[in-house]
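The structure that follows is given in the form of structure tokens.
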Amino acid sequence: MSTLTARLRGRQDRNVWFWVFVGPFALGLLVFVYVPILWSVYLSFFDARNTVSPTHFVGFGNYLYLLRDPAFVSSMGTFALFAVFIVPVTYVCSLALALLVNRARVAQAFFRSAFFLPTACSYVIAALIWRLSLFSGARFGLANNVLRAFGLENVNWLGGANYGYWVVLVSLRLWLQVGFYMILFLAGLQRIPRDTYEAAAIDGAVGWRVLRHITLPQLRSTSAAVVLLLLIGAFQAFDEFYNTLITVGGYPPFARPPLVYLYLVSVGGGTQDLGLGSAGTIILTLVVAAVGLVQLRLFSLGGREERA
Amino acid sequence: MALPRRRFLSLSGGLTAAAALGLAACGSNTGRPDAGSSASSPAGGSAAAVSLTQWYHQYGEAGVEDAVKRYAAAYPAAKVKVTWQSGEYEKLVGAALLTDDVPDVFEYGNGPTLDMIKAGQVLDLTETLGDARSQFAPSVLAAMTWDDKVWAIPQTVDMQLLYYRKSLLEKAGVQPPQTFADLVTAARAVQTKDVGGFFAGNDGGVGVLGNQLIWAAGLEQINEEKTGIGFAQQAMYDGLTQFRDLSSNGLLASASKDWFDAAPFVNEETAMQWTGLWALPDVQQAFGEDFGVLPFPAIGASGRQAVPFGAFSSCVTAKGTNPDAAKAFVKWLWVDQEADQVDFSNSYGTHVPAKTALAPQATKLAEGAGAEAAKFLTDFGHAPSLLWTPGTQQAYTAALSNVVRKNADPQAQVATVARKAEAEIKRVNG
Amino acid sequence: MRTSPALAALRYLVLSLLAVLFLLPFYVLLRNGFSSDRLLARATWHWWPDDVSLTSLRELFANDDVRMARSLLNSAVVAVVQTVATVLISALAGYGLARIDSRTNRVVLGLTVLTLMVPAAVTFIPSFVIVSTLGWISSLRGLIIPVLFSAFATFLFRQFFLGFPRELEEAAMIDGAGYWRTFWRVVMPNTYGICAAVGTITFIGSWNAFLWPLLIGQDRDFRTVQVALSQFMNSQGVDLPQLFVGSAVAILPVLLVFLFLQRYLVQGVERSGID
């Protein structure tokens, strides 16, 4: 073996260098992700109020309390409802936008930027605009102005007497996210070879049929990624819920997704019940993992031949 | 600017939640017990050696901090150091009272909480008040009286009332409402697509109007025997139903600011608004004479008009460095120094001096709407009972919200509040 | 593929309408920031602002409850440090994982991928516990350090480096360079594209973050601008024009970064192999 090959094969101090490169990251991951998760699992079995080193062991007490707590269960229900709305709607809208933008020859970059730009806006600021100006329940909101122009009454969007707040939250999230997923779809669309379309055109396929039988199947892996990201994103929903609905008097009893519930329980509500919060986090993580796995399984059922 | 007292007046929970929880859990850790020793003034000779600390919360109006420091500096018998606390005042006080590092004198909303009194953290000031007791409005003193003893001396009085636009009501052909039924009719008559009828907060009035409903129905928060609530009666259930009617039609549920800001009324988003006396200057500036004020209208046949009030009042701590000197200082400032009291009430915003005789001296209350407001205070004023704990308040607000939003049965909801109140009273009584 | 001109025109019409709709909230932000309170509360919607001056801006910065200048500074420090540090840490780690094969390589890789599966926000309680034990609440350390370790960024870099042409590195190694020098002299100068992509994502994410800074920034001097705005909105002394002009100021850096660097983001997505 020549010295060149030996050197290329790898060095004796390979392990040292591995840690030089990967060390900081691995250390950080350990200290700020894995240790906290493990500590949190530990805490979840204790009655840990206002303390991080508790002494009162309660076993599965926290878990049982949560699973029986109507507030927690309803927060999971809120998430489920939210996900059922937001995932398909975002999927369809971003795909539709991608299809439209993809075929635009003139000013394609401008349109792409216009739809992608909201991604740069923070959830806080977007929530401000939505809550105070666009969907304000008072007479000066834009939505209410439009309603009154059609002769209808003002709607108190965020009051909780109706389900108007879902319109606000879903439209808010759509605005913020559709651009990003549109980009994903655009990338996927551009990967479809042109001759596929041309072959289909020769066969007489057109419009809707092209979409169903050619485009969508080719986009399967992109779709899988998009749906998975959307689901995980729906779980992480906090910023826009909190900022749209919080008032001087506190957070209302409706529209509490799991993270808001956990936040209020463990930090925001007066007593810091960290044991309960940790148990809730674990439950949430397990649910997310399960849903993610199921979804991946569903999607790969048909798409294994896609991957090279 | 932020005005923390508005928050406590709206009684939307959390006033002393933290303090109450902390103090209750702490148990009766008494400092020096005080068996009502007479409030003698400190010896004249070595008076300069006595130093006291006094705490105020951060008032929103400009100039208050300088004023209170001025008053304290003028006290001849001791050196008083004034601390202006920003941040969550109730939490700070609650925490400090648990330590040895307590201020000698501190102000608190409507006097000390029942937990503070029971834990012996504040001193009985009945003797300090002495004969001057009759000079204060009885309802104001009632808020800080427990066991027939007075536990704080009021500094100034804030109140809330109903503002209405005279011209809009005239145009709709309705009289200023004296009863709640009138209010509902008036609100519905006056409202248009663009202008609401009656506004009391972005939560539909549930937070701030709750206690008004009890008093306006002619009932009390706590019953005579002091064991539970005093409003488990038909008059109350009817009142709640009427309030639900108002909420469904006539009540403006959303505006540019919340109830404590005059903006919705001034911006003409609503024809009537429930807000505080502090808003009076803004309203006068906007509408001149085209507005009137009313107390909360009576509910039902046995009802009465009502206004809530809150008075930040001066308390003396038991564990302070020199309780007798502290008592003397409080007496000097808030009983004797009438010019300062008027200045405090009148020069920085609009408030009512705690001593009824001084009200005419407060120029803003001398005539017109201001004078009417001062009269409401004397005639119809109510303050929450000491036994009405934050826990009970939260239960009541939730019940009210259920009646309005979910069409729940008023009687059943009141029953849940009754249970909570009984439990709370048992807990507080030891 | 031929489409009729009518259809094409329709497409452009729809796209234009949608573009207006999407850009509308940004305009509303500006309009509100330069209007008076009265205009904002008026019954009819006015498209034009009525107070195009800097009064609200000046009042906002003078407002001691909000501490806008300090919050902006905090956000800037946190975002810049976080971006630079994350890119460095993840690039190094990604290269190590891609190129330096060792026993622990697969373990670390597995842990990294596992972290990808766990949504970041779900770990906020446990992270809060750790940080509060370390005493880092209300400090810049607490704001920055715990979020520097992005499994996503590391994974992106790893994928990228896997596809990096080996010839360049081999040439360097023939010349006697070790891992370290090869990385800095040869590999990094050719990865500016992906560094820009990761940097942009990190900067935007850091500037716009809310939950973590909310937990950590309990002292008003250690709030980021998002938390400051949120608390201002929810305070009793809120002034709407000030709030909106503050939001406009807060959104400006991110918009600029985005406008200039978005093509790297797009390229990064295309090359990322997410799909």
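Here the chain labels run A, B and C in written order, and each chain numbers its own residues starting at 1.
Please note the rule applied: a contact is a pair of C-beta atoms (placed from the backbone, for glycine too) under 8 Å apart; a residue touches a chain by one contact, two chains touch by 3 or more.
Here the structure is a predicted model, which is why all the values come from computation and not from measurement.
**Q** If every chain is a node and each touching pair gets an edge, what shape is that graph: line, ring, star, complete or other?
**A** Looks like everything touches everything, fully connected.
**Q** Is the C-beta contact count larger for A-B or for B-C?
**A** Here the pair linked by more C-beta pairs in contact is A-B.
**Q** If you average the CA atoms of subunit A and of subunit C, how far apart do the two points sit, in angstrom?
**A** 16
**Q** Using mean CA coordinates as chain centres, what's the subunit B-subunit C distance in Å?
**A** Their C-alpha centroids are separated by 46 Å.
**Q** Provide the list of subunit C residues touching at least two other chains, using ranges where the numbers run on.
**A** 40-44, 235-236, 240
**Q** Of all the residues in subunit A, which ones touch at least 2 other chains?
**A** Residues 138-140, 247-248 of subunit A touch two or more partner chains.
**Q** Residue numbers in subunit B touching 2 or more other chains?
**A** Expected reply: 7, 194-195, 255-256, 258, 269.
**Q** Taking the touch rule as given, give the residues of subunit B at its contact with subunit C in the complex, in rising order.
**A** Against subunit C, subunit B makes touches at 1-4, 6-7, 60, 194-195, 255-258, 260-261, 263-264, 267, 269.
**Q** Spell out the part of subunit A that touches subunit C in their complex, as residue ranges.
**A** Result: residues 4, 7-8, 10-11, 14-15, 17-18, 20-22, 24-26, 28-29, 31-37, 39-40, 43, 52, 97, 100-101, 103-104, 106, 110-126, 128-130, 132-134, 138-140, 142, 145, 175, 179, 183-184, 186-188, 190, 197-198, 201, 221-222, 224-225, 232, 235-236, 238-239, 242-243, 246-248, 259, 262-263, 266-267, 274, 277-278, 281, 284-285, 288-289, 292 of subunit A touch subunit C.
**Q** Of all residues in subunit A, which touch subunit B in the complex?
**A** 136-140, 148, 153-154, 156, 158-161, 247-250, 253, 270-271
**Q** Please name which positions on subunit C make contact with subunit B in the complex.
**A** 37-38, 40-44, 65, 235-238, 240
**Q** How about subunit C: which of its residues touch subunit A in the complex?
**A** 1, 3, 11-12, 14-15, 18-19, 22-23, 25-26, 28-29, 32, 40-45, 89-90, 92-93, 95-97, 100-105, 108, 111-112, 115, 117-130, 132-133, 145-149, 151, 154, 170, 173-174, 178-180, 183, 204, 207-208, 210-211, 215, 226, 229-230, 233-236, 240, 243-244, 247, 250-251, 254-255, 257-259, 262, 265-266, 269-270, 274-275
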